[in-house]
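Structures follow.
Consider the two complexes below, in which subunit A is the common component and subunit B and subunit C are the respective partners.
The block that comes next holds the complex of A and B.
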């Protein structure tokens, strides 16, 4: 087969080439990195100012930043709305809950990441050929399926319906762990955005037929991103498990979580890496307010928020900001 | 003979249930040749093109690219082996800039570039197809012919061994048509191997070395444009019995 070896005049793309290209930083890239590190340092100082209420909100913000941003890594460019966050989050949580008597916490977090990744490979290969509403429904059903299996397993083994997670981790430590994880999500997302893989994903999201005819292995690209995204959900579930001293399937695999993540990401905007963050912060604060003032109507108000966001700010807060900046620039140029 | 062909189609059929869209087609394409694939509406030309590009799999027969059988390969693999195409209804990547739309063709396919090299190459292709807009502008601002130019440049970005143009000239006004023909003429003079599916007869006469005429999925004539357009059966296929 002489034909398969001849791929034109240029050597085939290698991973090393990608890495090298990613490491060439323009002035603008350097500024972006510096700003990121600065923001991270500021965020890391939160525990200095508050040890209680605001720190606990900080933990929620950090957790949802990881979940919503990693969700966006896959769903943003491909437009595949995945409602499977809870499935992977719950797996991570259960691995820590079930494994604590046998292994140290850090090891369990690693295992959760690996297990989440492997499960995501299987799910990804099975589902990413279906698209649109079928994919949405499948991923929603997936969380429910895993939950039922876990509940059934606990029933068969004769254990109680839940698990005690008896590990003392201070809010401060957990906040820093989640912040570190968020930094990792941003770093990976930034690198993907600069890579061939990121470009492939954007082409796939625009037109899959064109992508295929450009030589893109669409299934592979989608599975890789899906796995990255789900692995982070799994690790997050593992990290925050000690926050709930008692986990049971209805908490760990709550479909509510999947919806919250989607709403926050959409509120912020899914076409920029920092988009979900500007959705997570206001939404978490709003959510605190709602659950404190109207504890009985939370679900209804969540639904209302969802409708308002989709109707009034379809491009998210990022879209609003960009429109404003655009308008401001035009005004300055004297065109408006 | 077959081994030296850039592309050879050998007894290829495509069935959709009871409908035979392509029926035992055989033809070949030499390197640097421009072949016109013509025929009345619904004669199976676009299906034939889809079979070559891998968008559809043949029910029977073999398609070879420089001697390698690619009939069973997915479209991705066929693109990587050097077949690039444009689409009957132009397909832009709306959220990407003009330059990115072109670059998309040159990263994952036959010839592969990245970074500055890719950028420079994509810019040179924009010049080659005669596009005179800012490379960073969104594709939504482009006129129809400019979108067609972008699509052509995207196909060229992979430095294809075989270029498939599916009614690339359709929908252009007379001025644009002249420009479009000149663009393809330019590619042809550079030695690009091209299959053109087209309805514009003037373009076929001036651009094609040879023509294959299809009717009801089967080949009814083959030869130089002058020969096939004078063929009684071809005239009958296009105009009906009374004119033959």
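The block that comes next holds the complex of A and C.
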């Protein structure tokens, strides 16, 4: 990245400076942080009330919250639509599935995070240095590509295509693990939003040419965020692997996962950190209902839901709420 | 030798599929992520004609192509045009159309699953050997190649030697300037989108003569078509044809020497090479 990458860079604020600036909290920030901790504590109480049905829904909600929010960290401000969640999720799942006989679960989760990050660096460096649709296209088939390679690897090594994940983790523990991960995503997202990096991303999303002329190293900013986002997807895949006691390529790399994550994030709204959460909760409930009532038509209904969101609520539920609040305020001003 | 000839035969059909996408992306400026599903619909259409009416897939083209044309025209009018009108900028339109066609692709998969079920569909047609240089090759591959080549040539001549073709090329070069010289850009874009869909579906019907299909295969073909279009340049038919042959041969080589399950990996390898070496495509000009 030396040479051309350095051209016209602003005098860079050192990383320490950046961190220090992000840690100066105003009254308002303190209140936000407190509210977040309070909500987390309330969410963590769920297993006290239900041990079965609602807890398993809670696990799904927590999982999709992590996936959709971390997706939004990158794709929200930059408008680069990543369709590759399933690829990274599946990598995490396979590392846990394949590694369980050799290493303890926590170590495997860490390895999954590192592997996901490295793979994301490669993908990011290949596609994100150039602007345009190349990135979207590349991510579109990525899950299928990794699936083919995994299946081929298993074929060459002569192992069977499925893996048994025999590890007893109660739903309660998994829920808390995922909740902790969600808290981490929110914390990181919040810090990024306050940092120079977050500002740079918003400029890139508005106009990439302008961003380059401002002296932003656009490729670096995009790759960093993409890597963060994909690392979370890998860790999530690793954490929930024990939920499926049997893992095979078509489950781990299912394209529907990427699709669901994008739908939920868009439904909630991608311009606010808490937006995806607003989409995840109703959509998970709706999905439980649809897959129970119409198991044969799920794909078609999923597509239909997606189109409805793209056409009628392009800015998500959060965008709708903000428009309403805005209108309300203007109406009040008019009366005064 | 085997690899080269089979690769060339496969590449001919790929060229058709890539030209379909090129019309949609180059002229109508819509990045259609559902293009692979259009192709799969074409393949299923051919299978359906064969099993229901016992007609050869070549005659099925007569039914499949107009149907795909009408369907894609309707999709453009009903679904894409509102997005074009709503978009404030080219970037916004790109994001919206990617999302819309991505959703559309899942709708199409769902409909195909509901109609045909999830199994692989195939049929046996002209599965007899034909000798080239003393080596036997499947006759269905050769017939498919010849058909694809004929359609490609017809499309090329139409684009370069008729007034309607000229209009399409003008919109492809610059939509706003085309509007200034009295071209109805919205209508031309719709025509290009519909024609592109019809061409993709024809490619699917031809591919179904020698490949297995199931409802979820669309994404692989979308990706291959996109890789060809990127490699060949967005608005250059020569580039697309050359790129199709390169992809066809690479894929055949991978399938022959490594593993038939890795065809997508072949496309990705080419994709990465292109991104690193010549992101503007084989014949494209570097934009400043």
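The criterion applied here is as follows: the second predicted complex is superposed on the first by the 312 of 336 C-alpha atoms of A that agree within 3 Å, B and C clash if a C-alpha of one lies under 4 Å from a C-alpha of the other, contacts with A are read in each partner's own complex, and residues count from 1 in each chain.
Operating definition for what follows: a contact is a pair of C-beta atoms (placed from the backbone, for glycine too) under 8 Å apart; a residue touches a chain by one contact, two chains touch by 3 or more.
In this text the structure is predicted, and so the values were computed from the model without any measurement.
When both complexes are overlaid on chain A, the residue A:200 reaches subunit B alone and has no touch with subunit C.
In the superposition on chain A, A:314 contacts subunit C only, with no contact to subunit B. Using the contact criterion defined above for the overlaid structures, shared-chain residue A:38 touches neither subunit B nor subunit C, since it reaches no partner. In the superposition on chain A, A:215 makes contact with subunit B only, not with subunit C.
By the document's definition of touching, of the two partners only subunit C reaches A:140; subunit B does not.
In the superposed model, A:325 makes contact with neither subunit B nor subunit C.
Applying the stated contact rule after C-alpha superposition, one finds that A:107 touches neither subunit B nor subunit C.
Overlap of the subunit B and subunit C contact sets on subunit A: empty, with no shared residue. Only residues 79, 81, 83, 126-127, 130, 133-134, 136-138, 140-141, 144-145, 148-149, 151-152, 155-156, 255, 259, 262, 266, 296-304, 306-307, 310-311, 314 of subunit A touch subunit C when the two sit together in their complex. Subunit B contributes residues 53, 55, 65-68, 74-76, 79-82, 84-85, 87, 91-96, 100, 103-105, 107-115, 154, 158-159 to its touches with subunit A in the complex. Interface residues of subunit C, counted against subunit A in their complex, comprise 31, 33, 79, 82, 91, 94-96, 98-100, 102-111, 113-114, 216, 219-220, 222-223, 226-227, 230, 258-259, 261-265, 267-268, 271-272, 275-276, 279. Residues of subunit A touching subunit B in their complex: 1-4, 6-13, 17-18, 21, 24, 196, 199-200, 202-203, 205-207, 209-218, 271.
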